[in-house]
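Next up: the structures, one after another.
Okay, so subunit A shows up in both of these, paired with subunit B first and subunit C after.
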Partner chain A sequence: MEQKGSKSTWLVVGHDWAVQRLQNQIERGRLAHAYLFTGPAHIGKQTLGRALAQALLCTSDTPPCGVCRACRLVQQNRHPDLWVVPADGGILKVDQVRAVEADVARRPVEGRFKLFIFPDMHLVQPAAANALLKTLEEPPAHAIFILTAPTAAALLPTIVSRCQVYRLRPLSRQVIEEALLQWSVPPDRASQIAGLADGRIGWAWQAAHDDTLLPRRLQQARDLVELIYTANRWQRLQAAKRLAGDSHQASQVLTVWASVWRDLLLLHYQLTDRLINVSLLDQLTPLAEALSVVQLRQALVRVHRTQRYFEEHVNMLLALESLFLRLPRLRRTTF
Partner chain B sequence: MTTQALYRKYRPQTFEEIVGQEHVTTTLKHALQEGRVAHAYLFSGPRGTGKTSAARVLAKAVNCLNEDVTARPDNSCPLCVAVNEGRSLDLIEIDAASHTGVDNIREIIERVNLMPSEGRYKIYVIDEVHMLSTSAFNALLKTLEEPPAHVIFVLATTEPHKVLPTVLSRCQRFSFRRIPAALIKEQLRYIADQEGTEVDDAALARIAQSVSGSLRDAVSLLDQLISSSSARLTVEDVNTFLGAIPTEAIGVLAEALATSDAKTSLAQISRLREQGVDMQQLAAQLVAYFRDLLLWKVGGEMALPDSDAAYRQQLSAQAQRLSGSQLSRLIRHFSTIRTDVRGGMEPQVAMELAFIEATTMGTVPVTAAAPAVSTVVPATKKATAVPSTRQATPPTTPPTTPPPRKAPQKSPKQPAPTAPLSEGDTLDHIKSNWKLVGHALRQQRMYRLQASVNSSAPVRLDAGRLFIDFQSELSYNLVVKNVHEVEQAAEQVFERHLKIVCLLQGQYKGPALVGDPLPAQPQPEKPGNVTEIANDPLVKAVLAQGGQIVSIHGKGEERPNG
Partner chain C sequence: MHVVCLQENLAKGLSLVGRVVSSRTTLPVLSNIMVKAEEPAQIRLSATNLDITVSCWLAAKVDEEGATTVPARLFSEFINTLPAEQVSMSLSVRTEQLHVSCDRADANFKVIDASEFPIIPEAGETTLQLAPPVLRQMISQVVFASSTDESRPNLTGVLLNAHGDTLKMVATDGYRLSLRSTTLPVAVAEPTNVLIPARSLAEVGRGAADADDERMAMISVTPNRSQAIFQLNGKEADGKGKGSFHRLAVVSQLIEANFPKYEAIIPKSHTVRIQVSTAEFLQAARRAYLFVRDSNNIVKLSITPGDPGRLHFFASSQELGDHESELDVVGEGEAMEIAFNVRFLIDVLSVIDTPEVALELTTSNRPGVIKPVGSGAEGFLHVIMPMNLNR
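Right, the complex of A and B next:
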């Protein structure tokens, strides 16, 4: 369970246990030389990594203070002793790792530590991962590596066993809502975003700062409901064509739909307290009652399969058409 | 700032300190005492079981200067100390994982003939030897067969099957075993006491269980835990750290599977996810749990000597609920989650789907001991959404129905759904579930028959006979020929034997029937329907063209497809 109001000054929402543990290690001088933060997208892995960097590089008496020069430089990615090595074009390349290795041995410029953050460790080339192994095993005393990835299973076991692994978990709705309120988001909006965020604080942050995100998402979910009531194949094909025009949007829509189908499945079993699309409850309930488990399950699997097709660069229009034609059909009724 | 890792600090320095590998250490000790040291050894076994440690101890022992052979290595003579401090010139350790090439091996071979600098022997420890390239292996062969008298090779590997047989046959081979959890725990206790930290016994036991026999993993885990927890180390700390799921939670899920309770399992998954459980870990633990159950069924307590009492109790309670074949099916079922997740599916969704499949699709037929089960009745659910004419349908989807006698098991992935026919059910029930019969036929790959059955309509039910009407002669002929299969499929779906009588456009063409002959006209079951239908604008138009209302099919029913 997330506890609110931890005494730490880390600029991290939630994950109190992880912060506490890291803080303990810093206080006792028992830091590991490599950390691996895992967890679903947008739950704050990088933020935690950056906060750890601040805690180690901060020059004030109560690290991390968040206001000293070092802290601010870390926040802006400009600290000379902080290397952030993101994937380059979807891949973390050998050359990037080599560049890091060449620099690891050099003493830090300002503080006692030199930090290397690899935010997309799951996108690492196998050769690059192997190149990193030796450095990761016995880095110089001043070097600390911070890797983040969705799951440890996505990485080489030899990499994982060299790191201290922190499995970050989705935040509870309450924690996100409180964080949103602190960012001065109006209460009703905060509660709505917190529900949709599904534990992903990063998404909540985006939604709070982008006014179009929320209505767009709701509309996308409504589109699906509408589509289920659209029996006409021609209309369905037209809808597929409209969506296929914008590949970025299409994959977003599918993500939303997957969440809707999952909600429908949960609703089917009357598990209302775990829903994501709470605001659509009225529209979803009749659907969940009318559709069978088999249909719901198949629809969810199909949406996922289509998502995978996208990644495999299947013709998007065909994939969407096939999906749309196979989604269940219902007739709108007035009770 | 970084202190030396515990597993390096407590690396065994004598044969006696090597935990759980007595079959290796006593043999080596005897060989030393009798002066029968071989020229090449191969140490194989899982990681963290003491291969490298044993190699180092052996290296010290053969060079040790202590007069008493049984006391070697004494760790106090200059040569032993040199090894312990990592500066011995006669112990050459090679990491084959990063020196895989033939050139690296040639370098060794060139120097093999040089005499040892201080001791009696030069010891070459080649770690991770399975990583050597084939040509490197071959380059080594000759030297490995007949090395100079002052050379001992120790090859260590976790994967002996990758080592060439010609290499294997030149070495004395020792297999290191996974270390039993109890011994690991003992060792952890020793280290914790030495370090002066307070650790709960249960926490140590949990660590020992989790590492599957690797002492190094256990010690470095303890190291991490000690360094990050503030007070006394408890079993909860260990569980949070490992992301391990308590066996009780796994038990709840297994129970939900045994009773086909999708709702409980979904709620439990959500709860676990909120606690930050890694779904892949959950899948792995589920598979391990089913495996334990299976072992328990086969061997009872003997099969799981390391388990604690509470766990055994849980196992023995659940082992009765699930049959061996169910368990093996579940193991296979949950093993596929890994590939689903690799394919880009979100882990939680993959897990939820796996449970829904397992609970609803008849993967887990119930045994008598289990309480009532909800079976899925697809399609009929739709009845609530189609227009009110169908509201008269009796509640065809009771949340709980008596356990199915024998769920069809033709294809374990998707057995046909059933819609048991109870006493009070009427023709409506059969009509609204008629497509399931086609579905059941499809399961048996009788696609043409499925199509024909789907094009037919049940029109009358009396005395266990079901009359179905065909519009097309083609379909009619096919079903008449295979009526037995259709009857079987219908029995599967409705769980009651029905004699099927085929009609062609309302006319009976077959041999004379026993008893009540045939309906002169297949009566539409509700006269009201006809007028209602006739008022439909589309139907009106057709009637105006000289059409005729023959039978009325369900409006909202989906066409068979996919």
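Right, the complex of A and C next:
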């Protein structure tokens, strides 16, 4: 977005307040040593981190410019003063933190700062968290840490207390639609994706560039409808087992399902103008009529609760089985 | 870019810079070597692991300036197999390939654009000069005493301190400390105090081995105090086909951490002082080491001062057996017993080039000091913590 009064170009969609605050800190030279960006997946936490890295490493007069060599290299994760340390196979390991530890004390190669982005801080091993804690306690002046996580509660309080915390919120449908139009996505498709994105700009970008994403999402929503019509307990348990095999997909599916239950509640009250899953209107309408408000509300709460269980690393199969067995049952009415 | 140079020079340059090539997978350009054709007539080769950047300039005929980066390993190994002829290199920007031809061999190398290569500072402020042999010796006398434990970054570096016409290098790992000072040929205008990773300094030492001893090495620090730059001059071609280079620059990132207050660690006085032949001391230490290298590295020294006095070695291991030996020494003070890590003794005695060394002690639980005897103003001293005698 464009900043008022200067030509700085933060390559970030939305989160204006966060960008403004960071820009002010840079201009006043009052940067924190560590930042924690929290919020749901795909809303742009890492992107904001990378934009902050650009702002600090950019070599133009109005950082970040987004086009100079430094900004370009940061965008590709190839700047020598930028270290991105993602979780390795679902875990942020102590060796990865140790490797960084040695480098933190080294002066920056090109710029005035050295940035360390830990995009999956909630996946940290306890030993690794403690190792990082030591580094976070007394970092040299040139080192800036950027951590991201779904919530601050997912991290050790001792780590959170050393960071300036930015709670990023899902973006509005309108902001996402505008961004999609700027990326030359056709208007009707942009509107459809923005509606389904649930405030997650990263997901919208993926959906705009990956043609299989929307059909897959649609199928995941249909699977839920199908499950509600499946009375057989054994079949429900089998479905839970299939989903538990892939934790990444499972949490995606829960996000979709939460949106379906939300729509069903809205439909129950005939509030059709704010639906997310518009294309499923025909299948959802009979469900909304057949189920009671209490049932709908309970189902939504259960999905949310299961999402929280995932963050707390409970046994995924058990959590899903429990959810699947308790979802409402309906008999399909034949015409 | 189009440039022609001699195979032996190119091979020499690649061997000098190739050692620091990194394998940090997230930055592909680090496993490449930068080749840059510079007017009027030289090639610059550079490699970096972000900690250390080594650049080497060699003679070449430059038809067109330009720069690119090529995969280090493949390129070096390929150049090494070529005959001692002229090597011609030209860059095709369109296909992103570097074409190399020599004799009847041709090759195309995939390149990564030179703009991705980290920017290397050219020269810094507060330059100081030093003869390469002195630089080499200073480095060898201190680097081994630094720590390899990366969780204590301040101990992994060597402190370089220049003040007036005195240059000091200090390293410590918490158990031993090396301090070497020398008189600079030209006093520095401003005092300099920087912490250089020991690994980088070791690389400078290796580079200095190839340098022209007659021409001064230059050391400087960049204005933002991020890097130290060591510049060395190459020897003239000797006509024996071994390859030569103009200039070598080693740029090292500096460590931002506080070096311990080392003056406090150095004992101010002593009660026992013995003087002993360096070679005999080293030989006896190596012999004792054979018995304890697999266990605790402890050697017990019993000192009987006098003229001649005695230095008695005792090393024993539960599994292997034991060993005793004795040396004649000249010394003053009281008789005493002290235990040292014999590996530390070997390390320090190996880098002392005077025929005699002095060992100064106070008590068996206070650090000992080893100094060369008769090295004049070129001061070197080494402090070693003793080990517990009762173990």
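Here, the second predicted complex is superposed on the first by the 236 of 335 C-alpha atoms of A that agree within 3 Å, B and C clash if a C-alpha of one lies under 4 Å from a C-alpha of the other, contacts with A are read in each partner's own complex, and residues count from 1 in each chain.
Definition applied: a residue touches a chain if its C-beta (ideal position, glycine included) is under 8 Å from a C-beta of that chain, and two chains touch if they have at least 3 such contacts.
This structure is a prediction, so every number in the text was calculated from the model and none was measured.
Within the superposed three-chain model, A:164 lies in touch with subunit B and out of touch with subunit C [touch as defined at top].
Shared-chain residue A:329: touches subunit B; no touch with subunit C. Contact with subunit C, but none with subunit B, is seen for A:80 once the two complexes are overlaid on the shared chain. Contacts of A:25 after superposition: subunit B is touched, whereas subunit C is not reached. By the touch criterion defined above, A:69 lies against subunit C but remains apart from subunit B after alignment on the C-alpha atoms of chain A. Considering which of subunit B and subunit C touches more of subunit A, the answer is B. In the superposition on chain A, A:98 contacts subunit C only, with no contact to subunit B.
Once the two complexes are overlaid on the shared chain, A:245 sits clear of subunit B and of subunit C alike.
In the superposed model, A:109 lies in contact with subunit C only, and not with subunit B. By the touch criterion stated above, A:187 is placed in contact with neither subunit B nor subunit C.
Residues 112, 134, 141 of subunit A lie at the contact with subunit B in one complex and at the contact with subunit C in the other.
The touching residues of subunit A, when paired with subunit C in their complex, are 69, 73, 77-78, 80, 83-84, 98, 101-110, 112, 131, 134, 140-142.
On subunit A, the positions that touch subunit B within their shared complex are 1, 17, 20-22, 24-25, 28-33, 38-40, 112, 134, 141, 151-153, 161, 164-165, 167-170, 172, 199, 258, 262, 265-266, 269-271, 274, 286, 289-295, 297, 300-301, 304, 307-308, 311, 326, 328-331, 333. The touching residues of subunit C, counted against subunit A in their complex, run 26-29, 50-51, 115-116, 118-119, 150-151, 153-154, 156, 197, 224-227, 253-257. Residue ranges of subunit B in contact with subunit A, taken from their complex: 1-3, 98, 217, 224, 227-230, 240, 243, 262-263, 266-267, 270, 273-278, 280, 338, 341, 343-347, 349, 352-353, 356-357, 360-361, 376-382, 384-387, 417, 555-556, 558, 561-562.
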